Amino acid sequence: MTVRLAVLGAGRIGQVHAQAIGAVPGAELVAVADAVEAAAQDLCERRGGTVRTIEQIEQAQDVNAVIICTPTDTHADLIERFVKAGKAVFCEKPVDLDVARARQVVDAVAAADGTLMVGFQRRFDPDFRALKAAIDAGRIGRVEMITLTSRDPGAPPADYISRSGGIFRDMTIHDFDVARWLLGEEVETVMAQASVLTDPAIGELGDYDSVNVILRTASGSQCTITNTRRASYGYDQRIEVHGALGTVAAMNHREANIELATAEGFTRPPLLNFFMSRYTAAYAAEIAAFVDAVRTGAPTPTTGEDGVRSLELAEASLRSVQTGRAVRLDAMPQAGA
Amino acid sequence: MTVRLAVLGAGRIGQVHAQAIGAVPGAELVAVADAVEAAAQDLCERRGGTVRTIEQIEQAQDVNAVIICTPTDTHADLIERFVKAGKAVFCEKPVDLDVARARQVVDAVAAADGTLMVGFQRRFDPDFRALKAAIDAGRIGRVEMITLTSRDPGAPPADYISRSGGIFRDMTIHDFDVARWLLGEEVETVMAQASVLTDPAIGELGDYDSVNVILRTASGSQCTITNTRRASYGYDQRIEVHGALGTVAAMNHREANIELATAEGFTRPPLLNFFMSRYTAAYAAEIAAFVDAVRTGAPTPTTGEDGVRSLELAEASLRSVQTGRAVRLDAMPQAGA
Amino acid sequence: MTVRLAVLGAGRIGQVHAQAIGAVPGAELVAVADAVEAAAQDLCERRGGTVRTIEQIEQAQDVNAVIICTPTDTHADLIERFVKAGKAVFCEKPVDLDVARARQVVDAVAAADGTLMVGFQRRFDPDFRALKAAIDAGRIGRVEMITLTSRDPGAPPADYISRSGGIFRDMTIHDFDVARWLLGEEVETVMAQASVLTDPAIGELGDYDSVNVILRTASGSQCTITNTRRASYGYDQRIEVHGALGTVAAMNHREANIELATAEGFTRPPLLNFFMSRYTAAYAAEIAAFVDAVRTGAPTPTTGEDGVRSLELAEASLRSVQTGRAVRLDAMPQAGA
Amino acid sequence: MTVRLAVLGAGRIGQVHAQAIGAVPGAELVAVADAVEAAAQDLCERRGGTVRTIEQIEQAQDVNAVIICTPTDTHADLIERFVKAGKAVFCEKPVDLDVARARQVVDAVAAADGTLMVGFQRRFDPDFRALKAAIDAGRIGRVEMITLTSRDPGAPPADYISRSGGIFRDMTIHDFDVARWLLGEEVETVMAQASVLTDPAIGELGDYDSVNVILRTASGSQCTITNTRRASYGYDQRIEVHGALGTVAAMNHREANIELATAEGFTRPPLLNFFMSRYTAAYAAEIAAFVDAVRTGAPTPTTGEDGVRSLELAEASLRSVQTGRAVRLDAMPQAGA
């Protein structure tokens, strides 16, 4: 069976996914929708498929699955519509900025016995998978302490920040997902600190640019997350997992694998500067995994539930910053919603 | 002027300091005291000086300075006695496990216009000094986010843990001092998490073996500290300082600087496994700095105040763990004592 | 203008080039030929184009350029035929195992004003290009001493060795080309040593498996090349260029960018184990460069002359091994042929 | 038994050895001789012992062993005199610039059943010993191909070059010794190339500043040596040994173990810039090994024979450069002397 896909939203990430579809044997891009028709047209010309409206795709007999890359505030509704239409759905994170609404969507997907995969591409990065494989093979024993370091080269535009839900919901959310994936146990308590250090404008928007979070599970495992919106040397993405028998770490990717030695010292190039070049292989593997789940009927490797849980961690972090208290996840109102 | 020193306590660290004295031009070891006379005798034979009692050293005309390496519960009294006797004092951390008592001692030293240097050897490590020099030279701009990772190869004996004041006071205290040194600003708020992951016996003693701390200054700079009592690969001591213009990091020291490549991969030896071999150069530089301050009359590079402040951070961390709250340093009772 | 290509030879490297064509905007695979028709058919199904004979391609109006990936002993004739037919030619190295014959072909291409690019993919590796860019930017000053280290994971089959012309012509030839590229000056003298260390069967075929070469230019710059047919840890490909102001080095690529720390030490995965995975990006860039030259009419970045020169260095090395003498390139009979 | 030593020559290297004696338990510096008495006096004041003449030391009953650090042209005579006087002798390399004379001295030492250790400190470097231990433990299987890279930060003064015997005898000689130590087999054939690239003045003195050597043993193992007199980034000292099962490498030592990341990339400090700081530990271990051999009567770890063999390799290299031929060691006239 060929999996026939439609891409909703022909922007940056929609283009990445459309390209990924082309590289997956047994997958075919059949339709692209975008509010700006020219953008959809352009993508079809480069990657195949025909321009259609959301409605046409909803009713199409020749579409098995959709990839939602539209603005965040459309995610929840689109997921519900396409699951109801019997399509398997891949949706970029987050399901919704509001945890209660996101939970509602996930419940609806479950009730309809639908398929929903939420886009957390880091789980598909080849290095991070090798790190995870080492853990699963017992190389470091029981996981005890995780350190996640994520730094963006620069802050997104003010416009994006004002709609993103803030640093915990748009940036740290990826680390929350990685933490859950690696801890192998749900988080019980969250503590967080947040500052505005790189640009006062970010503070004026009610957001932060520099945060630290400590997650703690019931068994006492901990994970620290360090995020900043500015790193002069590129896009910094590191994982270190410490266990009873050892530690495994995934290192950064740099522009070129060379080193220059001069009187000033030994210099290697900066890191790749953009999340899309850093995670090129991860995005491709993520779509391949989605296609594979659709074809075989197996569960998707990430789910709507993963999307909700990471969102809850974002909300708990924000509450911890605001209250100066450790926040228990089971005391979050939405958890009971 | 030759600085003539006495070492009080001929144990492990006393021996290290006695050896360091021998390598400092213009310094001379003239006396050693120890409850076990044979230990003092043995040290004198190897490093010079004569065996004397505490009282004899107190009254000695030929002793300018003392190095206190006796058990922790004797520190406060000995500092007061020797400052009163007009000797410059170097004392291993902590001044006292109790912050109020430590503060009292520091006040007494100030009142007597005495000299007290507290032993935080990491500030004298050549790599850490090179890191600090890069910061001071403006290479990374304003310091924003610090990450300190300290892991011991294994836990100390139960006996030690029960007297040490716990992990925050005996282990993290070094990281607190490094944080204060590098932040260049006092800490305002502390958040901490703590677990028992490596050995339940540690929990039964009321202590923890795995902790994470977030420090925050008034200007919003933050520092995370990760400590564990067990690391299979050796004594792990890393500093990373992130600033507006870049990041500077100090790396670990390993047993040998070689790499083996086989079908299993590329392997480098474990880290140095013992704090004394890791910090050999730091201990020597620390004593040299003390001697230098005594000779020139300049302020010592670390002070009794540094000892008290780090102790306050330890106490605040413990309180944060116990209350699940961010603890403000200015709300600590002892801070006002 | 779209460059329309035919691939001659649908084996391993033919498949790599066919895939590369698909990724170059403005290039199209229109035909594949192979002695085994099923192989050609299979490649067309995956990458496009139709199965044709050599003769059909020679006469085709819709083919601008051919990529020759057939066995070595067919290269010389095919180049001559297709240049005569007015097609631009990309040919895998070597032009011919015999220098005189290779020189004849290159002369024929020149006489016909034809286009011939010889496949030395390393020049297109992104890391090596970054290294070359650093040199060209003057970062290390005048190039003085180059060290090339190339080790294969394992020896090719006996069958291949007996037809390949030996280690200097099938393996070192890539290093000769890299040396010429980086020295920026022709080689004047060659010294070489060769041994059979990994498998006596290689010696029985009259070949070597472990060689060292020293190249020297008229101005005194030198380049050493170390080759072995066996490396337990993967495919080892390193360049180091030492100059008046510094040194620049290109490092190896490994299976994953992770590190595991345990009581045994710090271990990173082995190197990529296969030249095609190591040089994936290089092969793609090489074909893109060929297409670009065909489209614009610009000279190809590598030429038939490059192929002949590297072959001469191989022959000179072999002679140096056999005679125990430094061999001058201008004293080689074929140089004057 | 305490080994009582005299140091002949109170220059740079004499001072290093005198300091090393002080750190060896059971060793005592009892006398120092130097043509400039003030230099000897100064050294005694810092390290102990009394100033004496060569003759006084020769006849002294309280001296077991001498360390010869005088100018090269005095080595041969002093070795003969002190061996005749019944003292164990440690002599800095070379025994003599002339192989025949050096061989004569070694024969004389053997005839007198004397003790002569020649100073090749690299064998005592802790990293190189760890590398050797890995080889001896069978970690890389049979040794096949060695790569030695030695680059000095800058050329010695013209004055030194004119008396040193040239780059092969004063610089490469250390690599020759390391090669012999690691190959575990004598060298059969030498090929070498040499250029003047850093300073024409060196060429005017009849010397070279940039050389490559290939050594080959009877069993076919090979070793390449790369030397240059100038490296902008410090004192470059690397060993890589490739074997049937893997490769082991010893890396460089740098000024500090830190890394700075900025928009320009990731920079680590230059290498230690001076052979004495790079090999501090090696010099100390070398003297300890000499004292140990004297005390126990065991053979010294390096011998006069080692000194002669390395000198022969230097001479063979020079001949190879001059003749453009591979030079067989057994065809060297002095080998039969």
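Letters A, B, C and D mark the chains as written, and numbering starts fresh at 1 in each.
Keep in mind that, in the parts below, contacts are C-beta pairs under 8 Å (C-beta built on N, C-alpha and C of every residue); 3 or more make two chains touch, one makes a residue touch a chain.
None of these values were measured; they are calculated from a predicted model.
Asks: Measuring between Cα centroids, which chain is at the maximum distance from chain A?
Replies: Farthest from chain A by mean C-alpha position: D.
Asks: For the pairs B-C and C-D, output the one whose chains share more C-beta pairs in contact.
Replies: C-D
Asks: Which integer distance in Å separates the CA centroid of chain C from that of chain D?
Replies: That gives a centre separation of 41 Å.
Asks: Round to the nearest whole Å and give the separation of the Cα centres of chain B and chain C.
Replies: For chain B versus chain C, the centre distance works out to 58 Å.
Asks: Indicate the residues of chain A shared as contacts by at least two other chains.
Replies: Each of 231-233, 245-247, 261-263, 269 in chain A touches at least two other chains.
Asks: Across the complex, what residues on chain C touch chain A?
Replies: 126-127, 130-131, 134, 139-140, 245-253, 255-263, 269
Asks: Which residues of chain B touch chain C in the complex?
Replies: Residues 231-233, 254, 261-270 of chain B touch chain C in their complex.
Asks: Could you pull out which chain C residues touch chain D in their complex?
Replies: Checking each residue of chain C against chain D gives 142, 144-145, 147, 149, 151, 189, 191, 193, 195-198, 210, 212, 214, 216, 220-222, 224, 226, 228, 230-233, 236, 242, 244-247, 324-326.
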